[in-house]
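Across the two complexes that follow, chain A remains constant while its partner is chain B and subsequently chain C.
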Partner chain A sequence: MNFNFFVLPFTIGFFIIIVVLGVRFTRWIWKLSKIDKLRILHGFFTRRTLRAIREAWNESLLHKNIFKVNPFLGFMHMSLAFGWFLIIVVGHIEMYALTGNLTAMPWESVFFRYFEHTTSHAHAIFAHIMDTLLLLVLGGVGLALYKRVNMKFFGIRRNTQLRVSDKVALYSLWAIFPMRLLAESATAGFYMNGGWLTNNIGHVFQLVNLNSNGELIFWWIYSISLGAFFVVLPFSRYMHIPTEVLYIFLKEYGIKLKREYNSFSEIQVYSCSRCGICIEACQMHHAKISNNQSVYILKNIRDENITERKIYNCLLCGRCETLCPVNLKLNDLRITLRINASKDFNSTYDFLEQPHNTEHAEVVYFAGCMSHLSPSIISAVETILKTTKTPYLFIDKEKGVCCGRPLMLAGQQKAALKLINHNRESIIQSGAQTLITSCPICYKTFKEDYELGQMRILHHSEYIHELLTNKSLKISKSTQKYIYHDPCELGRGSDVYEEPRFILSQTGTLKTIENERQKSLCCGGSLGDVSLSMQERNRITHQTLLQLTKPNPDCIVTACPLCKKTFAKQKKVPVKDIAEIVVECM
Partner chain B sequence: MIDVIIIGGGIAGLETACTLHTQGIESLILEKEKEIGGKLTQWDSLFPSNRNAKELVETYKDEIQKHTITVYVNTKVIAIKKQNDGTFEIFTSREIVFKAKTIVIASGYSIFNAERKEEYGYAIYPNVITSADLEHMFATKKELKAPSGRTLERVAFIHCVGSRDEKVGNHYCSRLCCVTGVKQAIKIRQMLPETHVFNFYMDLRMYGLGFEEMYREAQEKHGVQFIRGRVSEIAQTNEGRLQLKAEDTLAARPVRMQVDMVVLLVGMEAPECNSILGKSCNIQYNAAQFIVPQDIHYSSGITSAEGVFVSGTSIAPLSVFDTINHARSTALAVSNFLMPIQNE
Partner chain C sequence: MNKFGFSTHASRVIDYETIDTKLISYIVENEPSFASCISCGSCTATCSAANLTYFNIRRLNVQIRLGEFEEIQQEIDKCMLCGKCMLVCPRGINTRNVIMLIKRGLTTLEIKK
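After this line comes the complex of A and B, so read on.
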């Protein structure tokens, strides 16, 4: 067994991290609900595990999602993660292949070059590979250093403040690979056992007469930086590295965020790498709100200094969620925090009458409160339903009750459930097989919270799309140029992107803009944040409108009454719902 | 070169011209519509005295003729250019370029487009009308009925439509809609004593001469019911009535009510032309596009640009009473400005 005292810092650090991670992971999994634990058991020997491995490969190592946002940022993450991973893997292969020693201690592969001085062809090939990999990682370290100076180059404006543990971890991470290079080069200077890079630097060391004490100092520092990094990792932001892998696996086994803050929520919190992409995605900076973006919230949860203001100050538009490279469920996470923080108001709703629908219909139309505030949408949808001779029941025509989602978004889960149960009973009593709504906010909660069984739930744009494809509705093309604004709850929230676009391609010309579909901007009217002032909202709306009106459309078309009302504040470009456009072209 | 060009032939412009004439200063009026009198021509009667609006317009028309003031109708101002010598060139929809030493902006106001408050269903339900529509009905119809022909058993007025409403972007109070609502409610009760009238309001701002008395009279003598609370939405029932949902904030309970006609008391907005005029002669505006006078107390008719004056509702919503007074004070400011030039 090869040994020198300098391996101790690394070895101690390595065992500490194994123990700490072991304890943490066990505790997290232990605290999951019984069903979630069963999910892991049942999923383990299925294809889900392979899928999780593939995702961990793509995201934890290659960081493909970050590449999509900014190639330089992607390369930085990839070279550090994937490069280091390869160094570990190839390093082990090298050691097993060259020494045949299968019972080696962990430090023996890490400090292989210090102990193994042979210079055969096989050794040389491995040494060249290892040098190349080391250079790849050093490239990443270089970019990381450059990022500290010029963040904008990586498409990032700001990032989180570092705590002491983060700083220790960061500096030791920066030190690890340069020190490895120096240490291996120093040894290579004596024995020429390195590759193309280390041998040459070693040559330089020989020229300046580096002695074996100097060599040992390099190995010591290398080992200390490794050990320090391992010891502080679980207590720094780098905890995201192991946690993300766990998160990917649990997610793949079908574990989802519940409406309560549990250990799976905590795993998500710890999986955040603080890349800062969500800061850029957030529109709140137009309202001069710059400390509430998801990365700050996650950090605040970890540091236990989260305030109510921070929890509620968010539009819940979901732009950060679609861009998050770790696929964290940021909206749901924030809603669970709101539920935890919510106070009980006197929301008895005992004035609600027991629903008793005597009317029955296969198709039930639920307009939603916001649609009632923009009656032209309702009359357009009714015109379409009547023209296609669809027998329908307008279920919230007179005594409509809110769908419950605005309360849910505010964290008022108990109150929301009362409304949900009320509406649910009324809808089920109607005997409906298809439920059509004009409001994406209702639509999302119908799909997610109502448990309506086999009932088809459609937004009116989907229903119109159906009518057009089965030729029950005929429309003619106009010369109008449209811009389609994806409502958050319909687009990112419910993945309905193509149906409205298909309809508009039939009624006129649809122009495109940069931020659409998943990247669509929020109108600023969101019910997700009730603490925003109207001026703050107006600033957000203004910025969104600037982008929407850029291609000079004749009309801004949307599919959400709230977006429509929000945009209607400006007088320059008319704003219409997609149903109104269809009626115009009938 | 004429001394003064007045942009706008409403009562503010007309009064400014008449006062200037008695001071011995010649002016010329540019009016974009086909006749003078402005919004007043669309009004039936004026509060608090209930006098006929046409009568006042006719008085001004006579005055204009008497003073032989030139008026260009159908003339829309496109741009104003200030010359190096301090005079102005005015470009209009006509081919002539007007030249003047001073300009008075009397562009007036425009009525809030109630379609922007979609929840009230204006232009969607036939029986939802605005206060301006109702004035027109008062002036032209002998018998008062809902636009669809229904007899009016119940009528609701909604105050503050387009005013004091962040959601439509208007923070300011239009000041006159309150008393207009009271005036019109009384009128309906006088014409149709069987009809119930309800006014939904946030606050009633009876600031002017005789306004509070009208409000008291509306309740005590005419039995108009005032409900404090905003209406949230209006829907049409199958029978063609209008169902409105509101909250009675004094009784702290939700209200649902069916009526035959809804009157929206629409507010006043700065006309679009203000921004065009502003850009071409560099005047200060507030967020609502009304012109900001140099000193709100001391010189409310003078703008931040030298030689450009402002008269009437171009600065803020004003009643007829206030408009005429303001127009006179602006005329005085113009003549003070021109005096030294003429003495030279």
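After this line comes the complex of A and C, so read on.
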């Protein structure tokens, strides 16, 4: 067995991290609900495990999602993670292949070159490969250093402040690979057992007469920085590295965020790498709010310094969620916090009477509260339904009850369930096969929380799309130029992007802008935010309108009464709902 | 006594000095826009809950200042937080936050009733 005292810092750190991670992971999994544990058991020997391995390979090592956002940022993460991974793997292969020693201690592969001085052809080939990999990682370290100077280069506006443990971990991470280079080069200077990089630097060391004490110092520092990184990792933001892998596996086994904060929520919180991509995605900076983006919230949860204002001051537009490279469910996470913060004062709605519908219909139309504020949408949808001679029941025409989603967004879960049950009962009583709604907010909750069984739930844009494709509705093309604004709840929230675009391509010319579909901007009127003031909302709306009106459209078209109402404050470009456009072209 | 076909409220005395101001200060502190309410009643006119009950969000403003906390406690339960009032408010008051603050204030602040 090869041994020198300098391997101790690394070895101690290595065992500490194994124990700490073991304890944490066991506790997290232990605290999951029984059903979730069964999900892991059932999923373990299926294809899901392979899928999880593939995703871990793509995201934890190659960081493909970050590459999509910014190639330099992606390369930085990739070279550090994947490069280090390869160094570990190739290092082990090298040791096993060259020494045939399968019972080696963990430090023997890490400090292989200090102990092994042979210079055969096989040795040289491995040395060249290892040098190349080391250079790859050093490239990542170089970019990480540059990122501290010029963040904008990486497409990042700002980042979180570092705590002491983060700083220790960061500096030791920066030290590890340059020190490895120096240490291996020093040894290579004596024995010429290095590759193309270390041998040459070793030459230089020989020229300046580096003795074996100097060599040992480099190896000591290398070992200490490794050990220090391992010891602080579980207590710093770098905890995301192991947690993300666990998160990917649990997610693949079908474990989802519940309506309460549990150990799976905590796993998500610890999986955040604080890359800062969500800060750039967030529109709140237009309202001069810059302490409340998802990364800060997750950090605040970890540091246990979260306030109600922070929880509630978010549009829940979901832009950060679509860009998050770790695929964290940031909106749901925030809603669970809101549920927790407001669970002591839910309403009972005792005034609601048992619904008794006497009318029956194949098609039920639920306009939604917001559509009632914008009656032109309702009359347009009714015109379409009447033209196609569809018998329908306008279920919330007079005594409509809110769908419950606004309460859910504010965390009033119990209260929301009361309204949901009420509406659900009355919709089911009507015996309808199809439920049409004009409001994406209602649409999302109908799909997710109402459990309506086989009933088809359609937004009116989907319904019109259906009428156009089966030729029950005929429209003529106009010369109008449109821009389509994706409502958050319909686009990112429910994945309806193509139907409204198809309709608009039939009625006129559809212009495109940079931020559309998944990247579309929030109108600023979102009900997700409870504490944003009207002035702040107006600033966000203004910025969104600037982008929407860039291609000089004749009309801004949207599919949400709330977006329409929010945009209608400006007088320059008319704002219409997609149903109104269709009626105009009929 | 003559019956005129209408009734009047019994006279009552409101002693402003004994009214607990914790709730109103809590609301205005966290949602300053509430102070700019002009009691126009647009919120109540558009309210979904007012369509189903006698819920009157405009009256809440007065009731909070008059210290009628028990009535508020019963009334506030009816709001469905749909947000229409917020859109029609000519003063741009964030009414949803006001409702949430009243609800939270009534449970967390120790208010003398």
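Just so it is clear, the second predicted complex is superposed on the first by the 582 of 586 C-alpha atoms of A that agree within 3 Å, B and C clash if a C-alpha of one lies under 4 Å from a C-alpha of the other, contacts with A are read in each partner's own complex, and residues count from 1 in each chain.
One rule holds for everything that comes next: a contact is a pair of C-beta atoms (placed from the backbone, for glycine too) under 8 Å apart; a residue touches a chain by one contact, two chains touch by 3 or more.
What you are looking at is a predicted structure, and each value in this text was computed from that prediction instead of being measured.
Considered on the superposed chain A, chain B and chain C are sterically incompatible, since they clash. Touch criterion met: A:K565 reaches chain B and chain C at once. Of the two partner chains, neither chain B nor chain C is touched by A:I384.
Within the superposed three-chain model, A:L419 lies in touch with chain C and out of touch with chain B [touch as defined at top]. Residue by residue along chain A, chain B and chain C are tallied for touches, and C comes out ahead. Once the two complexes are laid over each other on the shared chain, residue contacts for A:V557 go to neither chain B nor chain C. In the superposition on chain A, A:S531 contacts chain C only, with no contact to chain B. In the overlay built on the shared chain, the residue A:K397 is in contact with chain B alone; chain C does not reach it.
By the touch criterion defined above, A:D344 reaches chain C but does not reach chain B. In the superposition on chain A, contact is made by A:P406 with chain C only, not with chain B. Of the residues of chain A, those at positions 372-373, 398, 534, 565 touch chain B in one of the two structures and chain C in the other.
The residues of chain C lying in touch with chain A in their complex are 30-31, 33, 46, 48, 51-53, 76-84, 87-89, 92-94, 96-97, 100, 103-104, 106-108. Touching chain A in their complex are the following residues of chain B: 113, 116, 118-119, 121, 124-125, 166-169, 232-236, 243. Residue ranges on chain A touching chain C, taken from their complex, read 308-309, 312, 342, 344-345, 347-352, 369-370, 372-373, 398-402, 404, 406-407, 410, 412, 419, 525, 527, 530-535, 562, 565-566.
The touching residues of chain A, counted against chain B in their complex, run 372-376, 379, 397-398, 534, 538, 565, 568-569, 571.
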